[in-house]
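You will see two complexes here that share chain A, one where it goes with chain B and one where it goes with chain C.
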Partner chain A sequence: MGVPRFWREIPNRYNLIGTRCGTCNKIFFPPRYICPSCRRTGKLEPYKLGGKGKIVSYTVTYVAPNGFEDQAPYVMAIIELDEGPKLTAQVTDCSPGQVRIGDRVEMVFRRMGQEGEDGPIYYGYKFRLA
Partner chain B sequence: MRKVAVIGVGLTKFGELWDVSFRRMMLEAGGRAIEDAGIDGGRIDAMYVGNMSAGQFIRQEHIASLIADHAGLIPVPCTRVEAACASGGLAFRQAVIAVASGIHDIVVAAGIEKMTDVLAEQATEALATAADQEWEAYVGATFPGVYALMARRHMYEFGTTEEQLARVAVKNHHNACFNPCAQYQTEITVEDVLNSSPVCSPLRLLDCSPITDGAACAILAPADLARKITDTQILVAGVGQASDTISLHDRQTLTGLPATTKAAEIAYKMAEVGVRDIDLAEVHDCFTISEIMAIEDLGFCKKGEGGKLTEQGETAIGGSIPVNTSGGLKGKGHPVGATGVAQVVEVVQQLRGEAGKRQVDGAEIGLTHNVGGSGGTVVVHVLRRGG
Partner chain C sequence: MEVGIVGYGVYIPLYRIKVEEIAKVWGADAERIKRGLFLEEKSVPGPDEDTATIAVEAARNAVKRAGINPQDIGAIYVGSESHPYAVKPTATIVAEAIEATPDLTAADYEFACKAGTAGIQTCMGMVGAGMIKYGMAIGADTAQGAPGDPLEYTASAGGGAVIVGKDGSQCLAAIEDTYSYTTDTPDFWRREMRPYPKHGGRFTGKPAYFKHVLSAAHGLLRKLQLAPQDFTYAVFHQPNGKFPLQAGKELGFTKEQIMSGLLTPKIGNTYSGASMIGLAAILDQAKPGDRILVVSFGSGAGSDAFSILVRDGIEAKRDAAPMVADYINLKINVDYATYTKFRQLLVR
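Let's turn to the complex of A and B:
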């Protein structure tokens, strides 16, 4: 996959920047560019999230996709951020058995994976137990 | 709007068909459906083909032309329909709409996927493209992983157990033993499932549907015309489709698929049936948790009680609502683009009383439930035996 595909999402991925609808105040992460409630009357602007939240569900990934094999087994979770939106992310710096639904977590900036041996290295957000 | 009937169905063997090419598979299923309908292929007016990803699996796009060409049906219009694992169900729906509208009379709804020409890990990677590449796959989520997140939450909220999940696999493998087209015609036990290797906890290898080659075909006609062609009329009584967020994390709930509930509501209303009228259902058990959520979302039991209903044997053949009599995706196999049409094939055979050892006695109304990705697309059909 070409580098621009990853480069263009860097602000959002590195800094957890989503969007906020100025009409209904709803916050979106991953970013949305049309508010599903307000549609044409919505006014979406960038919005930086605080990076703190709690685990809604989790799974320990034993069979990892390409580029993630060396990290397995790792914990994937759906995290509800304090501002409301939910996202999917890895929970890092813990043993797989340690994570529970309801645990508080905070965002950390990490290396995600690599495309092939010479391909680009991707960075982005993971979370750790707070 | 015209009433629509299924006049013929056909299926290939499901499995690792190393000696059969993509095009041969499609012709085999199509030929069986034509033979079953007892019509001449020259009467076909249009075709819709469900296929998730021939581009990734056999590096061939533009399969609509390929199929029309090799079926000897040029210049009949052929359209490929894609919605990940719901491609087949949507192709069937498009065919129903084409006949109901009056634009076409005899229409083919087909589905096909050739998945074993690539390595298993490449097939897994291709399937993962049904998830959001930017915000699910990028961070390391896999397709089984997304369903595992639903399973974990379902266990947390409702006390669903790994053993109840395993019972779905055991039942569907048992049913598949009576289906000559099924990929796995072998029994498994709860212990086999619980001892199989972990994929994404709590899901294990035997909680997951396999990688499969297969094709399925159904032929549709307006009901008036169908009456002249077939003895046992199978009517498409209701069709429902709904969309949802492509990413699981964007939904209010993780313990069900809201698009299933919505699609079912539309299909029940159109068919003028209640959930209690359904005699059997083919549901999208891509993972064991998927069947448990499906039977809840379709209304066969209350939310959270799908595990219990399965454990009590109510979804087995002979139970109050037999589910996946064909063996389901788990036992029969899951050639993704073919699955939605294969579900219709099973229900048609059941309603005609032609399902052999897996026959549900006196089945009159059957349902199919086909899911794309983690529930971003769901299509439900209600079929009914007519007079």
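Let's turn to the complex of A and C:
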């Protein structure tokens, strides 16, 4: 991931800022800029999600990609936020055996990765069991 | 001074390592170390945590307690000796993560373990002068001692954040006054590009910690014409469990006044976080009218002393964010191998 792309996504990565359609009230995360139901009549505005939700499904990663080997095995989950949108995120501060579908989770601010020892450090949301 | 604390928050990582686990590796006598340092275990940051993530969690808790619009925060100072970047301020990451950007000033502070309280003083001055409405000071660290060094038993991770505003009905405590004592004392240092600090062994005690903590406390008491019995609580920087009790005793404080804010036995020395988390633990249980003495210490060396008077506002704000005890009680103990992997001491 390049620095400019990460920088553009800081509001949603740090603070779960999505968008809400003022016409049909649907909330989108990651943010959409055109409402798929209202199209041209949709009015999309930034909307901050509360960071609480539940696990809809999860998988355990044993063979991790470069840079994540030392965290394996770790849990990646599909999380349904209380406001409706679903997102994929790591469930941190837990061992794989602790996680169950339906568990309540809350957003935390963590290191997401870095581009080598002298590159930028990327921060963003993960979740932990609530 | 007419300034006070509008909100406070802390963060302590989930993981702990016991003295026994570390002593076992180096062939040391765990019981002797536990008695000598008055410490059972220390906090360990997870592999995806650093000073910035700890500072952000503490800052978010402080904003929750303050109940203010983060856009009204005009200054953020993050004090640490373990900033994730050598050049690129942690304060910018915190400011963005609490949505305080872009109308504010921000900077990182460095003064060993007292960089966070130095930030409180800057915020007091700026709020007092009317330059800003609110200022946030954070002390956070993921401290490391070299493997086998006595520091390895205590150097831990955690952070505390304080939001300073004008004294008034929305304050949970007034800051009555502050006094600092600073000298050039080479008791502990870390050179550029070096991973671990060096220290003067026993030299870190009498001419460093005790001289500065006692002088700062005496200076503040003299300035305010107060005596130890005028305070309900006292918190001193806590590099181990023993020093603060000894300092308190020499000043004339009782063990009861100190124990509520003494957290090193359970979480280790959180460096810049230590005196601020200690203050938070006291605010978690203090009553309106209670007076608190806070004395930080940073090697190099200096101490900042504060007199804090708890206001009625505390009752309404206390439960808005997790308390220190919540973080202390929620823990997972790890062994030395896991600890070295988490701290990137073991690299494949």
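Throughout what follows, the second predicted complex is superposed on the first by the 129 of 130 C-alpha atoms of A that agree within 3 Å, B and C clash if a C-alpha of one lies under 4 Å from a C-alpha of the other, contacts with A are read in each partner's own complex, and residues count from 1 in each chain.
Here, a residue touches a chain if its C-beta (ideal position, glycine included) is under 8 Å from a C-beta of that chain, and two chains touch if they have at least 3 such contacts.
These figures come from a predicted structure and were not determined experimentally.
In the three-chain model built by superposing on chain A, chain B and chain C fit together without any clash.
Once chain A of one complex is fitted onto chain A of the other, the partner contacts of A:110 are limited to chain C, with no touch recorded for chain B. Touch criterion met: A:15 reaches chain C, while chain B stays clear of it. Contact comparison for chain A: of chain B and chain C, B touches the greater number of residues. In the superposition on chain A, A:57 makes contact with chain B only, while chain C stays out of contact range. Of note, the Cα-centre angle with chain A at its vertex and chain B and chain C at its ends comes out at 150 degrees, rounded to the nearest 10. Judged by the touch definition given at the top, the superposed model places A:121 against chain C, while chain B stays out of reach. Taking every C-alpha atom of chain B against every C-alpha atom of chain C, the smallest gap after superposition is 12 Å.
On chain A, the surface touched by chain B in one complex and the surface touched by chain C in the other have residues 71, 112, 126 in common.
Of all the residues in chain A, the ones that touch chain C in their complex are 10, 14-15, 69-71, 92-93, 108-112, 121, 123, 126. Of all residues in chain C, only 14, 46-50, 52-53, 56-57, 60, 84-85, 93, 96-97, 99, 332, 341, 344, 348 touch chain A in the complex they form. Across the interface of their complex, chain A is touched by residues 121, 124-125, 128, 132, 134-142, 144-146, 148-153, 156, 197-203, 247-250, 254 of chain B.
Remark: chain A residues 9, 13, 30, 56-66, 68, 71, 74, 76-78, 86-90, 96, 101, 112-113, 122, 124-126 touch chain B in the complex.
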